[in-house]
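Okay, so subunit A shows up in both of these, paired with subunit B first and subunit C after.
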Partner chain A sequence: MIRFSPTGTVFRVWRRFSSWSANTMPITETITDTFRTNELDPMNHRKDHDGRFYSISQSVKKQLFTGGGLPKEYKELSETLNGLSIMVRKPAIELITYLNKTNFDAPVTRYVLYGKTGSGKSISLAHILHYGSNAGMVLVHVPWVPNWVRFPKGCTPSVIHPNMYDHPIESVEWLRHFSTQNGLLMQKLELKTTETYTWSKREMTAAGSPLSELIDLGMNRAKYATDCVAALLGELKKAAVSKRCRVLVVIDGFNAFFSPRSKVQREDKSIVLPTEFVLTDAFLSLTRNDWTNGAIVVSVDASALPLELRESPLPRYQLGKQGFEHLDPFIPIEVPNYSEKEFHSQIDYYIERNWLQQPKARTDRGRAELSFTSGNHPLSLMKLVAPY
Partner chain B sequence: MSLSGVLRKLPSFNAIHCHLNFVGRIARQQPYSMYQPFVKEPTYNIEKLEQLIESGEAKKREFVPVKAARSDQNVSVFHDELTSKFINMVMEKGHKEIATKLVETAYMKIKQMQLAKYYKATTDAERAEIELNPIVIFHKALENCKPVLQLTPIKRGGATYQVPIPITENRARFLAMKWMILESREKERKVHFPERLAYELLDAFNNTGKVVKRKQDLHKQCETNRAYAHYRWG
Partner chain C sequence: MAVLRELVVFPSKCLRGVRSYFLSAPLFQNGFLKLNESVSKDGHALDLEQSDTKKISKAMKSYMERAKIHDNFIKQQLHEYNIGKRHLANMMGKDPEFFTQADVDEAIRYLFPSGLFDPRARPMMKHPDEIYPKRKAAEFDVNGRPYHSLFYTSKPNYYTLMHDLAVKFKQLDRHEDKIISRGIQDQKPTELFLFGSEWIPKQKVENVLLETLTDAQYENLIKTFERFSQHPYSALEKDFIMQFRRQLAAQVEIQQVPELMRDESGRPYMTYNTRRKTSNAAVKVIGQGTGVISINGNDIHFFQREQDKKQIIFPLQFSDMLGKVDVVATVDGCGTSAQSGAIRLGISMCLRSFVNAETIERMRLAGLLSFDPRTRERKKPGQAGAREKFTWKKR
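The block that comes next holds the complex of A and B.
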């Protein structure tokens, strides 16, 4: 079957094997469609996989993304289309190439993904998360920072740190998310604490006790959960430097840490800044380049900040002075709109999965219309295709 | 084509600035259209236009005045006239964007529900039976909801009788859409309009559900009032 794009490039779409059932996502069988790839391990994704979809199994999806990481609409769509498939795109390929060639004896490199809202930053981060999981790195993943800043479920003033605020519920959730993502790996690594943590007169975690004990304490005692998170991040940093493990830090919406306001108010109704959260302090300490044997991948998005600060998607504007000075020097990686190849690949995927139903829309004229009206913008395309 | 030649010249006042005194008179005496009777509807479907050009019809229509296209008449591959009409009926207070969003969300939900069935089906035969295109489902659902007769009140000897009379195509389509929208606007509102509309459309597609029942009740009433059918002619 030969199909032409509006510019005249020829795509050849092969017939699928008749044994392929529409029920199961093709994982083991050979796929010869131009919009898919057989390569299911992100560690091997290279330039020639650009614009192709690779499928992620249910078990990996459950392990990595139960606590968040995939945007809500994308996740729902993947459930409707009977399986999670991520498009391999240039930003992720670039990051994977860098991560494969990193000298882990040097101080950690910070990578900042930037781009318009809805251009695919969160999905690229999800791809990198899968890479880190396959590469045996300990994943420190914050799915969406604005959830802590804009919709906190009950901040309490911190006991240990004066004038700072705890997130008891969010910290428990995060520790649960961490243990789901890194459960098996942590069992294998058997990391131990390097110092004693005193929680109260009777409760303490001695030096040399396993890290899993620290995590369990945090999950069971919401009062100390935030400080457990801070302690855990400190321990992971030390463990990375002493080469007991390799750490990959992935944070989505990092610029929310430097937002000019949050939803938390003191008794006198004055607004608490995100920099006054204990969690912020912990993650900012982790994203400093004063440790080795790790990598930090962060995204900045306009939708992470209030409405009046969404003029530009660029990192310097989104991070603000404080954020920029914290992250500088970093490697900025742009996540652009779809290229022509990626666009056609996305439409092919929607057609194959029976999502784009309108017969006229599947023609070249339909593709040209969708490309024009969406501007090749991933989120706009998803919204345009959704009803039809 | 000059606008003044195309627009209807209504007597003794400017069409745009009309006195309230004259409105009632206009409503009773003249139709609303601001166009003169010979002005044609626009053809905005690209395939139809190409056909007209090929067959030579286009040449004949070169100097015929044509009405301005409405803002929802477009050449998009997603354009569907019936859906446009339906969106107009869903719309309240001129909020077209909200109405479009509601109907489009309903279409998306229809797709989601049908795809769930599709991916659960095990045989090719089962999959072939499941209709996935929401526009096709919408058209079939409306067809299933259209009544073939309607009742009209006719007064005879002091009593008012509900008399069954034939129904025009436009009226039938209107009633089907109206009932569909009314059934989707539940009193309790826990399940929102798009989701309810999706369920109603799917039911009507399968010839079940509240709207089809309403049509069938109307038909039954017409059947029971068959005796009065001659009242139509006095």
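The block that comes next holds the complex of A and C.
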């Protein structure tokens, strides 16, 4: 049962129904400092909202994250707990502040989120994605680059680009994801291609045709899908420069593009490097700061690279020489472990959702133990609290 | 050194048991417990060799000879021991007159370094009385007549002790009566304070009495001693009773909790170095903290397994210091289990300085303050492992 005090603090009053302690006093647990916020528009998220949860509606979730973007366990937990709620944290607030103040006439700024694996980078990117969607920006979102590098579903040598490799299936999926995220916006913007794309003797996309035609071609013809993606990204870049649209590029696991190996092999069993993928080329071209009217938010994670390259979570180490030179100059934003306020907010959320069921876990001592054992690390806390 | 080698006892030689019947010196002074000596009751020296016109049986003769040989042997050993001590003192450059047994032990450790695990297996040079098992002195004379009146009980020393206790009891009663009758006020009854000591075990009693006892006889003895020490005036017989009691060492150690030290910023801290199996941990617990933990520069996730994290959190949770102190630890060696166990002990030992005596006692009872002496058991030849045997084949 929930009681409200005159000051508005929420109390939850428990009564023990055990046979030994029939006459005990009820234990009162307080959920002070409401851990939720009613501000559902990320564009308005400010410092005050730090450590508070805001919920994302089912329709928005479907639009933005069907093709990926939320970590698997997080997504499953949100479905169990009856609704996707994201905690507003400092890195995202910082990014939103910058994005709100950006001078879009200047060349694009690149932001790099870094931090230990499981500290909340992907969720922060998801938050920014929601922001971009609400701000009317065209979203170019790569949910997790290592999927293309480590688990390719069949790379074929490219026809157009010699010595490079296509990702036919992944490109189709990505185009589908793009159209889901930006469907309504693209209809409104009615962007057109600026040049002719010849796919074969009989197939071509003329200049001035709508971009949706390009996307549809890619979705239907897997053979040309990768090049469609490259063409699309090129067109979006030009459209942004000519102020027909504003583009937000969000890439998770960016450092996988510069990984020293991939699972793609040539006939002679030699390994194809990620830099030899057409998709890599396309996205690297988009993440260069040679265009305006956009923003690029990227994350680097140790788990995107092989085991021997996971010593440090810092951007220079994770990107390597090539990646660093490509992205330099960028603004690094650290995603740290939970602060004390954020930790208690997370525990309050779990208690309110009845995910933390042990009465002892809800006490101060329980919180102290959870804080210590998880080291205030978001992923560790989530795993610790899980019943499996 | 050649001379010394003959004197230094390597335990393998000692274990050849020699049946014994004789003692070289009496055990108790002041006539509390008279054991058989090589002096007869009237004080005349034993006349071992000559007999009168009576014939000595062969058994008696060999008995006497063995007695003499052993006596001479012990005398010779004692002589050699003393000479050897002087040699050692000269070798070590110390004064031979003031060369104590502790000095002897140190010299032997230096000259004969041993890597053997058990201290009793290492070379030693001790007084012959400590090496060669004590024996009773001659129990009967040339003619076969026993000296001790209780000889035919087959445990004369034991029954003498029991009789002595009874006699002393009566003495104390008479003393008590005297005091009551004379109305002497200043002599208050003082019962012996037995806290901090316990009765010596059966084996030790047997060593003292040089007789084997049954369990019932030992229990009987202890019960009698208990009754005796409960007498109001038992303090008068303190020396006698304390001969059969030994001090309990544990009490003294717990109270020595080190004082907190202060660092530059004034925060109190405590350090402790521990080990578990072959891993070593240096732990520092700093007060006025927020629960920050650092192990070899990493946070709690240095230990990936939950059980290792639980080991670390246990002393802090138990003493309610979670979130109130910071922990900085360095650890190396062995595996995660041993490392976390070492750090746990280190944290517990440091926390002693931060908490009150009651919590320290609770921690001790919880086993947080006990050093874990378990080490990897050695693999034996003829077996696959420490305990595992090779496959047993019937044929």
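Quick notes on this one:
Simple rule for what comes next: the second predicted complex is superposed on the first by the 354 of 388 C-alpha atoms of A that agree within 3 Å, B and C clash if a C-alpha of one lies under 4 Å from a C-alpha of the other, contacts with A are read in each partner's own complex, and residues count from 1 in each chain.
The working rule: contacts are C-beta pairs under 8 Å (C-beta built on N, C-alpha and C of every residue); 3 or more make two chains touch, one makes a residue touch a chain.
Computed from a predicted structure; not experimentally measured.
Annotation for subunit A, partner touching more residues between subunit B and subunit C: B. In the superposition on chain A, A:371 makes contact with subunit C only, not with subunit B.
When the two complexes are overlaid on their common chain A, residue A:355 makes contact with subunit B while staying clear of subunit C.
In the superposition on chain A, contact of A:380 is made with subunit C only, not with subunit B.
Contacts of A:151 after superposition: neither subunit B nor subunit C is touched.
After overlaying the two complexes on the shared chain, residue contacts for A:363 are found with subunit B alone; subunit C is out of touch. By the touch criterion defined above, A:81 reaches subunit B but does not reach subunit C.
Note: residues 365, 369, 373 of subunit A belong to the subunit B contact set and to the subunit C contact set alike, using the contact criterion stated above. On the subunit C side of its complex with subunit A, the touching residues are 291, 293, 299-301, 306, 309-310, 313, 316-317, 322-323. Residue ranges on subunit B touching subunit A, taken from their complex, read 46, 76-78, 103-105, 107-108, 111-112, 115-116, 118-122, 127, 132-135.
Residues 22-23, 80-82, 354-355, 357-361, 363, 365-366, 369, 373, 386-388 of subunit A touch subunit B in their complex. The part of subunit A that touches subunit C in the complex is made up of residues 365, 368-369, 371-375, 377, 380.
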